[in-house]
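See the structures that follow.
Common to both upcoming complexes is chain A, partnered first by chain B, then by chain C.
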Partner chain A sequence: MKREALVITAVLLLLAVVPAVQAEDLSKMRAILEKIDAQSRFDGVDFSALLTMIVEDPEEGIEKLVVRQFRRDDGERYLLLIQEPVTQRGQGYLLEGDNLWFYDPSSRQFAHTSLKETFQDSDVRNADFGSSSYASSYEIEGYGEDVLGSFETYIMDLKAVDDTVPFPYARIWVTKDTNLVLKAEEYSLTRRLMRSALFPKYAKVGEAIIPVQMIFVDELVEGKKTQVTLSEISTAKIPDHVFTKAYLERVNR
Partner chain B sequence: MRRAVFLSILLVFLLAGTSWAVDYDDLFGGDLLVEVEEDAGALAPEEALLVQDRLAVGGSYSFNLQATRPFLDGKAGDTSLSGNLGTQVYLDARPDPNFRLFAKAGISYALSEKLTPPREEHLEVKLQELFADFNYDNKVFFRAGKQNVKWGVGYFFSPADIINIGRIDPLDPEAEREGPAALKIHYPKGSSNYYLYALFDDVKELQDLALAPKMEFVAGKTEFGLGAFYQRGKHPRLMATVSSSFGEVGFFGEAVLSFGSDRGFLEPKGPVYEVVQKDGLFVQATAGGMYRYQDRDGRLDLAATLQYYFNGEGYPDQEGIKKVRLALANQEWPPVLNYDKLGSLALMGSGRHYLAASLTWNRIFGSKLTASTLVLANLSDQWGLVSATLRLPSHGKFSPSVGIRSTFGAPGTEYGAAGRAVTVYAAVSVGGSF
Partner chain C sequence: MFTLKVAFRNISRQKKRSFLLAGAIAFGMLVITVINALTGGLVENIRDNFAHALGGHVFITGREFNERGQIISKIRPDERLDQLLAENASRIEAFTKRSQALPSLIFGSKQTMHLVYGVDFHEEDKLLASLVVTQGSLDPVLTLENAAILPLPAAERLGVEVGETILVRLETLTGQHNVGELLVVALVEDQEQFGLSAAYVSRAYLNGLLGLDPEEYQMLNMFLTDLGLVDEFTRTFREGLVKPGEEPDEDEPELTVSVGGVPLDPAQQQRRVSRWEGTRYRVMNINQIMEPVELAVGVLNRVGLVIFIILLLVTMVGITNTFRMILIERTKEIGTMRAFGMHRSQVQRIFLWEAVLLGLVGCAAGLALAGLLILVVGHWPLNVEPALQFFLNQGRITFRLSLGGVLLNMFLVVLTSLVAAYWPARAAARLSPIKALSSNF
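Our next item is the complex of A and B:
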């Protein structure tokens, strides 16, 4: 009888402790997501860079895109201006909060578009050009540990809590010591793998740590991928007039 | 040993089956953090873009050739060959970041309607844009000269585009339209934009200057536009636009209120008609949406656009305008009392209700073929047009296509004066930029 009471007590204790431990681990994972978001933001400073994209498509061949990016995270703004190839030169994107416009210089027309859309038929989404929002856009479904290359990582399975992100499910690999996302797998509603993103190089720019080399792999079209490299990085102040429709019109031909 | 070989073979097959095999040890084997030096160029990038090459010349060219065979009421006509050469050339001078001069001209050379034997040649040179950009303290921006502008948000129909000279062609809605000679003053403030246009076309006196203010603002994920047009001797207009997206579908809408109409209208006078001017309010409104669907395997890539247009300047009863069209088509006197006003009648765009829809299937089943269909209908007189085009694989700058177009509707309807016509065609185009 005494032994049975001990077993019951132990089970009850275990039932009480395990959720508490899980909750503690979950809050630790949530804190990591918040750190990822915080260190990807440029608070109080602006950011500009030249993005070189190599788009490999088994049907279309290899295409090079050169894009100038101006970004201000205070107010969720960015402006993207395509400089190469010459056929798309001058096309631009202006983000202001929830609104994203695409500018076509041939018709001199702005058209509302979505952050979920792909950027110029590459494997990059328009949402990839801003700061990350893992903590606010996803909840954690599960987590574990893994080793990626020479880095010990946490794996987190994420489920979107709103429709602001391009994919409803994601799995990310985050370094344990520096909270940097090395890899992200993004899934459709039916949990089919749609895209993989790899971030093999980061740089500290101002107070932020951002990926300076990114590889986006289309998991639906075999052999299709896009590599993005950042150069001419600057955190100098960008004048307010850059984040306007007027600037896109002025800079164009 | 045999087990190791089997595992190796299995591994090779597994890797071959994945879309992109990643060597994580190689990719994530070294330092993750790299040092970058912040760019400290002599000119800030936003200013460098504004001066660019200081003087640039460029443009585009195209050569289109089309063989057409018409079938009128089931009878085949002669096959004709038509061609067109075109080029656009621009000059962009930017002596400093706060000033630039831009000029763009188009040259179009229509080859003979039937190449053998040549019947007609036509060369057209047109100034498309010539303007200067300057600003006040990078806060207020000015553009003075002939310029392309875009007021409306509609795709096939855009009644709110009240200041452009060129109108949207629903059969070629993305074609460049001729803009006005104007001074545009643009004041962006936050996510809102305020514009004032002073329009100079056909103005001989200062009092005849047309003024058109407009503002754009956003609320949530929706952008609204409000504008007006005023010119002495013309009917004032108010316009409103809205564009937004719900999920994957983009929506747009326009409304225009016109205080009177520039058109003449047919009024029954016994067995004939009289052309009269009408005062009062005229409403035009349009709404539509765009949707793109891409399946998981890249085999179904569909883009659809649907738009409805209510034209308050159109006739509820189409009989009168049908009779006039038929008479003109048969080179007879139209049943109109005052012939001198005949020119003010709108023979096209006389319907009250229009509908346009297009569906494009890009890269059919992952191939290099693209098919598109277009339906355009004047619901008021039951006239319509259906076209289907198949774009064949391009080879460099060489793009072939084949298509069929059919009109339906009774004689005298908007485009059906000649009766039911079916046209099949094959076309090639060569084009590029420089």
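Our next item is the complex of A and C:
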């Protein structure tokens, strides 16, 4: 009888303690998400870099894109200017808050596009050129621990807070010690894996820590992937006029 | 009656000349009849093919704001709409409720964008009957939720065969990414080979991927019993679907019929719209789509009419000259008839009857030749580009003639023949019997 009472007491204690521990861990995970977002932002400084993209498409072959990026996170702005291939030189994207414009110098027209769209038939989405927003876009559905290569990581299952987030579900692997996302998987509404992203190299740029090598794998189309490498990284002040439509038009003349 | 008999005899007497005159008239009649029949057939084929491709003669779409202020395209079950459908049931031959998307279809390392219609296969027996199956069977679509019917070119592009599963990648109505799996159960010929090929899946399944409830849909398409009722029918629905106190969206909405989300009218302007409550409907019809086609065909018909009139004028000159010659040839004969008591008006009527008979014979011959040509050309199957199939009916040129058009052309022929023969006839009537009898002709 005594033994039974002891077991019941132990179980009750466990039931009382586990949710408290879980709640504590959950808030810790939320804090990690916020840190990930915070360290991906360039607050108070501008950012520019040269992006080299290698797009591997089983049907189209391998294509190289070179893109100059100018980014100012205060005001959520960026400008992408395609430099290679020559046939697409001068095409550009301008993000101003929620509005993303695509400029084609051959037609001299701006067309409205979306952050959800893929960049030039690659596996990179226009949203990938800005800072991350895991904390505001997702809530944590589950979490655990995993070892990715030689890194101890937290693994988090994320669910979009509403239906405006392009990928309704995501899973990320975050290093325990530095809060860097090493891998991200993005899932459809039907929970099918659509895209995997690997971030093998990071660099500290000013106060921010950003991936300088990224590999995006289309998990639906066999053999389709895009590798992005950043070079010529700078946090020098970018003139205001760069983040304008007029600049995109002028830079092509 | 006597003058008609004499006129008929005169025509029979000069067979060669009559043949040539009637032949000229027949050629004009042949040209205008074929042009009219061809354009009539083209318009009808385009209308039918558009109706078939778009799934009806009258199309209703619905738009509403969601909680986050996005405009989404959907129609919920609506009593007003059901009531209108019930009230106008006698004028509706069939209607379909469809959803649609333009997703990427993926198989292995291959992908293609393709129009996909979500249809209720249990209600769309007409569609199933119209599909030409080249591989597989349509039966599973009635039982399998994710069964898909693929057009042959899409299947070839993906390298997929019946029994294999393909992925479908699309966005929900709110823009979230979604992926589904479709089991290919049948491959079909491109529907009517219009170049507007579509794949078909269950509406409930597509709705699930789009974020719609199973009973919701995006387009209500109606085939009417009488195409002449299209505009009135459209007005009835347009007025019937406006809520009390709600301003109609537009009296005559701009053409915004889209196929798989791709508008057929590319010149759409972005404009600010103020938020409204509930569903706002847009009712469009096949005539709105056909307007530019009919304008083009109208031009073609007018060109045909001009050619016809030129041919008639040439023939008219020929008739006038011929009748002048006839007048000279028959001067003595006219004198004799007048001497035996024939009135001037009777002489004139003989000439005019001859012209009328020539005109009618020419018309009949022209119509017969046109009929023969139409029969031969219409029987010949043409293997043309898919886009050109839009002008054909199952690969064949079809011809449509209106009785009114034929009668009008015949009237014009007879009238011009009468006008051409009038002056020689008047001159014949005015001949003095003495002078006529003493003439050397």
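One rule holds for everything that comes next: the second predicted complex is superposed on the first by the 235 of 253 C-alpha atoms of A that agree within 3 Å, B and C clash if a C-alpha of one lies under 4 Å from a C-alpha of the other, contacts with A are read in each partner's own complex, and residues count from 1 in each chain.
One rule holds for everything that comes next: contacts are C-beta pairs under 8 Å (C-beta built on N, C-alpha and C of every residue); 3 or more make two chains touch, one makes a residue touch a chain.
Source: prediction; values computed, not measured.
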item: Side-by-side fit of chain B and chain C on chain A, or clash; value: clash
item: First, second, both or neither for A:Pro239, with chain B first and chain C second; value: first
item: A:Arg192 touches, of chain B and chain C: first, second, both or neither?; value: both
item: Partner chain in contact with A:Leu220 - chain B first, chain C second, else both or neither; value: both
item: Touched partner set for A:Leu80, first chain B, second chain C, both or neither; value: neither
item: Residue contacts with chain A in the superposition, chain B compared against chain C; value: B
item: Chain B versus chain C as contact partner of A:Val181, first or second or both or neither; value: neither
item: First (chain B), second (chain C), both or neither touched by A:Glu59; value: both
item: Touched partner set for A:Ala170, first chain B, second chain C, both or neither; value: neither
item: First, second, both or neither for A:Ala127, with chain B first and chain C second; value: neither
item: First, second, both or neither for A:Ala160, with chain B first and chain C second; value: second
item: Location of chain C clashes with chain B - one stretch out of 74-82, 164-172 or 416-424; value: 164-172
item: Touching both chain C and chain B, counted on chain A across the two superposed complexes; value: 59, 112, 114, 116, 163, 188, 192, 194, 220-224
item: In the complex, chain A residues that touch chain C; value: 58-59, 112, 114, 116, 160, 162-168, 186, 188-190, 192, 194, 220-224
item: Residues of chain A defined as touching chain B within the complex; value: 48, 50, 59, 68, 70, 81, 86-87, 96-99, 106-114, 116, 148-151, 163, 175, 178, 180, 182, 188, 192, 194, 196, 198, 200-205, 209, 212, 217-225, 231-236, 238-239, 241-242, 244-247, 249-251, 253
item: Of chain C, residues touching chain A in the complex; value: 68, 106, 108-111, 167, 169, 171-172, 174-180, 209, 211, 270
item: For the chain B and chain A complex, residues of the former touching the latter; value: 19-20, 22, 24-30, 32-36, 38-41, 44-46, 49-50, 56, 58, 90, 92, 100, 102, 133, 135, 138-139, 141, 143, 147-150, 153, 174, 176-177, 186, 188, 191, 193, 218, 220-221, 223, 243-245, 247-248, 250, 296-298, 363, 366, 368, 432-434
